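Worksheet: the structure to be examined is printed underneath.
Letters A, B, C and D mark the chains in the order given here, with residues in each chain numbered from 1 onward.
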Amino acid sequence: MNHRGSFGRRDTTPFSVVMVKVRRLGQRVLVATGAVAVLGSCATNAPQDTWQPKGPNAKMIDDLQQPVFAVAGIIGIIVSVVITYAMWRYRDRGQPIPEQTHGKPALEITLTVIPALILAVVGVFTFRVIFDLARTDDTELVINVTGQQWWWEYDYPVQNEWGITQPIISSGQLVMPAGTKVLLRETSRDVIHSYWIPALNGKRDAVPGRIHTLRLEADEPGIYAGQCTEFCGLSHANMRMEAVALSKEDFAKWIANQQAAYRAPAEGTLAKEGESVFLNQCVRCHQVDGLKRPDGTLAIAAPDENVWSGAAPNLTKLMTRNTFAGAMFDLLRDACRDDVWKAKSAEFGAKYLAGVDETCLNVNDLRAWLRNAPEVKPMYANPALLADTNGKYRGMPNLGLSESDIDKLVAYLLTLK
Amino acid sequence: MAESATHDAHVTSTGLSNVKLGMWLFLGSECLLFGGLISTYMLYRGRVSNGPTPEQIYDIPFTSVSSFVLLMSSLTMVLAVSAAHNKDDRGTNLWLSVTALLGATFVGGQVYEFTAFYNEGLGFTTSLFGSSFYTLTGFHGVHVTVGIIMLMALVAINKRSKVPGSKSETVEMIGLYWHFVDIVWIIIFTLVYLIPV
Amino acid sequence: MTTETTHDGATAHGGEHSAEHGMSTRGYINIALILAAITALEVSTYYVDFGPLFLPALLIMMVVKFFMVVSYFMHLKFDNKLFSWLFYAGLFLAVGVYVAALGTFHFFIR
Amino acid sequence: MAIIERPAPGSTVPALTPAPPAITPARTYGALRRPVATTGWKSWLFTVDHKKLGLMYGATALFFFIVGGLEAVLIRLQLAAPGGKVLNADLYNQMFTMHATTMVFLFVMPMAAGFANYFVPLQIGARDVAFPRINAFGFWCLLAGGIVVNLAWFLGGAADGGWFMYAPNSGPVFSPSHGVDFWTLGLQIAGIASLTGAINLIVTVLNMRAPGMTLMKMPIFTWMITVVQFLLLFAIPVITVALFLLTFQRSFGAQFFDVAAGADPLLWQHLFWIFGHPEVYVLILPSFGIISEVLPVFSRKPLFGYPFVVFSGAAIGFVGWGVWAHHMFASGLGPVSVAVFSLATMAIAVPTGVKIINWTLTMWGGKLVFTTAMKFAIGLVVLFTIGGLSGVTHSVAPSDTQQTDTYYIVAHFHYVLFGGAIFGIFSGFYYWWPKMFGKMLNERLGSWNFWLMVIGMNMTFGPMHILGLQGQPRRMYQWTEARAGEGFFNLAFWNLIASVGSLILTVGIGLFLINIVVTARSKVRAPLDPWNARSLEWMTSNPPKEHNFDSIPHVHHLDEFFHRKYEEDPTTHTMREVATAEEVLAELERNADKHIHMPSPSYWPLVLASGMPVVALGIIYSIPVAIVGGLIMLYALYGWALEPATAPESDFDSTSNNGHAVGASHG
């Protein structure tokens, strides 16, 4: 199978010339007709716009789909015009009942062959793009992605060339270097989910028991929105994710920080009290690497004893991310969030690496979450209804924390950077 | 449906009997039913997370004998059909009864086999292999059982019938069904029992 | 659809009777003997090592048995072709889609 | 034919008012006496008449259409604004699952079955279907299945896994309510209706055509229905397997989709879509058939390229089996499988395009009369074209990975199914209403109905193209402003437009219901041939007599009825009328068949079908109940088997001489 060459750019086969011409023609037609496509391909649209590729994989898809849309649009217009004309031209004006002709086979065959030929051309290019998008031999960085109800876990296996000397486990936001061929290895711990960052590539299901790969590459540093797209139960709508592309230098900084040792809060601070609340409540499921119990032993979370999927987000460097609860909520207030999201790509890295501080923390949503998580995100977290899962939750339960505990926890979480 | 066919001399567009056309359509449809069950088994037969594997529990000599019994029931069935067409009600009833008996022997063998497997640790919920094995062979067993009931009901009806050969089309229809169940077993016997995982 | 339709006159029985008597009792018994012999051969593969021929041989024997029952016991060989069309449509469709579906599991590479 | 010839007393058959046959049962069959009522509710409950069953299918389907429509309106209200609060997540998930299930299995399929039941025998010049009792049984199975699926609403919540019910999300752990159990068992029961109906109609079409009606002279609607029945015949068993596996897992602990035991969730996807893709054509082809009848009638021209339309229909049916995995392009099949199925999917666009071309050319050069039926038919051609073209865009697998599971797909299949299937069904309502009820639906209301539906439909589903391409996924109970974006293509604006559109659509469909009431109350009878129609179903009274035709017509042409009314002028090649519809009918009456016997009613189909929900409830709640249901079914089968195919003479009142007697069924 020929894996070489990308569509429509470098090669000069007759087919691609035809397709480029068709694409140009299509674009002209669309411009002329007022142009859903033109408006759609520019301006500030939804962050998950599928027509604004920001990386070579998505670009490959877009180059393939644009001419198809154009041809489809042209055919649609032709059919509509012909039908409208026929309706006007042959309306009943008292003419006699026409001759009972049964058809013209030559015309039929012609009109059958033409669409078949168009589709054959489309088919050839489709074929090539499918195999180009399935390549894994040019991978520069591997990230394991695991879906569960209702959040994504990212696991960076040891890759010394990237400075990853111990596995990094994160969630919510996929951080990756820009201009790099990243390969996601997807799976799931419970039901089927689907990983989709429209600006970077199409979607690929994360199926329990299987490992699927997805190529991801961003041209520029920036933040790219995505959403789980395989229906995965109650809070499917709240299972979002973001891909964060950093320059290679910034990515190295991020890696270094993720692997940096745990810094316990100073004695006597509110955060220190928060640490003990965390040890009492949260550590049952949530791991913070390096966190020690008062007796000096490492605190190891046991989500497998409490959560059906057997995992809960690792919170080690929580405040370096700017979302929580499966990216349902932002950790940043709106103004600070806009500052990051709308940053120019040259300034983006610094802004993102700054993480979340007290002034920017979206304290309302975070407190609401800590107060009663199932109330703000639908989950199977009612202890009375867990017979089918042997008492295990799907999602975070209501911990019944007091307001002062929440104060302490928030102060503690702010130290996790 | 066991329907008698006394609609002699009714014109149909194809010249073929409605019931027979319907039966063949039904059998064509059944191909996709058993195909699905067999495919499920083929996908899952090697997936034994728990309990015995196929090699450990299959008793090929025993299953060979019961397969042979079922195969021979097809012969007796075709003899019943033949007798029915010759308006030989006694012969029909005889061969139908023998067919039912052979079928019952097969089902009895299957019950024995299931019991033995269960005792060796293969339950319906033990492993994917167990679930798909029992589902496939169970569906087949139910088909055979339904066939036996139809055969016996037919013998009962035939005995009350005053016109010789009046049920010949019904005999033929049940025959088609019976042979179909047999050919499904021909496939199951090879794919499930004889080909190792 | 290759069904030639016949009208007026063809009756449910007129066309069929000759076909249905396509075989004698002796013939049926012969078929059964052949089937029994093939079955014996099939079972023997369990005991005798046929090497690389094992799988194809088993499958061929299965197919032969299948079509013998269908053709002779179920009369498809002698009956109106329409019955064959209807049944084989289902059969080959089943084989096609399920082999293709199982194939996608096989072609599942990464 | 299933019609039993028996001498009927009285040589003349009243022309337009069939006299009620008088029957008295002389003996019992099985355990119940044969039902005798020919009027009143019993005549419906125990009927085996294909026309009554067709109407019962239709009424049931219409009821579920309203149910499914209200579910859709709730969905749109929830999504009108970000963070909708009309439904909670759980209820929303049930709502979209049941909306799709209801619309697919309980509205479009039974409505098509209703039209097929009513009109296929009429179109081929038969007096009933091949197996009338099985036909009745099918209807009751459908009703029982529909009730079982919806019963879950009242017993702890409906199914919540989406109509595609992907494993393992449909397993006992992830969907702990009984909703999915009701769903699998209900669909299993409804599936029996489709399977028996398929066998019945195929045999009817193959075997019971009027003399002279070769396959290539069959009305196109009958052809498309035949293709659909073959699709059902082979597709239903596949979903049967899938549903059994799921039931066994949920109710009996089997491991088919238990990943921890090594199961592969893609097995369900394959089984579901091997069924599910032919199912798509099951939904759309009947409507293709309907408008292929309507367009020629109101263009006063035969269908352009009839053989091409027939073969493209058959080709769609055939190729439809090789494209199921295009629903799984994002599932991780591997590039080889994806490429093969992508190309196969493109191939299926060709025969579909053939149909659109032929419909357009049918109108070309015609004499177009824009009745409501015609408007809906033209609406289908245009809207289906849009849906078909958006379908081509995701036959391109890489581009599908951007579009699948977004609102773009929702837009696509609603253009295909609402703009296609439902517009065809509405076209059929307006076209065939006078045939079924002897009264014309009000054309003025019909026009309002059409235009509101067109506007509502385009407002509801048109913006979904934008929503999907802007990245809004499906099946989300809420969408968030954070992902709504800005500018012209922001999600908030278009979601609101779609929701407003759905209300307009509701009003449009409400007008149809009003139209039914208005028409029912009207005293005006429809003329015999209100549309100047072309095919055999119009060559009888409105509504048809119980025995359909006084004499079975000999067929010489495709469009036989038209050619009995018109002859070609040899010089101008235009057509001139040589006989009115009344004259054609009078001619048939003069040669009325002397011996007409219709199958008689039976209890057993209803009793047999009524055992099934009992079994279903038993599987869910308590096995002994299932055994009771099984006994009911055994009892019914016993009665059915002993009910003679030919009712003996003694079963009829020999002194009666005021009507055609009633014989027995074969099914």
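Here is the rule we use: a contact is a pair of C-beta atoms (placed from the backbone, for glycine too) under 8 Å apart; a residue touches a chain by one contact, two chains touch by 3 or more.
Everything quoted here is computed from the prediction, not taken from an experiment.
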item	value
Between C-D and B-C, the pair joined by more C-beta contacts	B-C
Greatest separation from subunit C - chain, by CA centre	A
Separation of mean Cα positions, subunit B and subunit A [Å, integer]	52
Rounded Å distance between subunit B and subunit C, as computed from the means of their C-alpha atoms	15
Intercentroid distance (Cα basis), subunit D paired with subunit C, Å	34
Where subunit B touches two or more other chains, by residue	5, 7, 10-14, 16, 21, 25, 28-30, 32, 36, 43
Residue list for subunit D, restricted to those that touch at least two other chains	206, 209, 233-234, 238, 262-264, 266, 271, 332, 334-335
Where subunit C touches two or more other chains, by residue	3, 5, 7-8, 82, 89-90, 93-94, 97, 101, 105, 108, 110
Interface residues, subunit B side, partner subunit C - complex	5, 7-17, 20-21, 24-25, 27-32, 34-36, 38-39, 42-43, 60-61, 64, 67-68, 71-72, 74-75, 77-79, 82, 85, 172, 175-176, 179-180, 182-183, 186-187, 189-191, 194-195
Sites on subunit D touched by subunit A in the complex	88-90, 93, 161-162, 166, 168-169, 172-176, 259, 262-266, 299-308, 330-332, 334-335, 338-339, 342-343, 346-347, 349-350, 353-354, 356-358, 360-361, 363-370, 378, 381-382, 385-386, 389-390, 392-393, 396-406, 408, 466, 468-479, 482-491, 559, 562, 566, 568, 572-576
Residue numbers on subunit D that touch subunit B, as the complex places them	1-5, 130-131, 134, 195, 198-200, 202-203, 206-209, 213, 233-238, 240-242, 244-245, 248-249, 252-256, 258, 260-264, 267, 271, 640-641, 644-646, 666-667
Contact set on subunit B toward subunit D in their complex	1-7, 10-14, 16, 18-19, 21-22, 25-26, 28-30, 32-33, 36-37, 40, 43-44, 47, 49-50, 124-125, 127-128, 130-132, 135, 153, 157
Subunit A residues touching subunit D - in the complex, by the definition given at the top	36, 39-40, 43-51, 58, 60-61, 64-65, 68-69, 72-73, 75-76, 79-80, 82-83, 86-87, 90-92, 95-105, 107-108, 111-112, 115-116, 119, 122-123, 126-127, 129-131, 133-134, 190-192, 194, 196, 198, 201-205, 207-210, 212, 225, 227-238, 240, 308, 330, 378, 380, 385, 387-389, 394
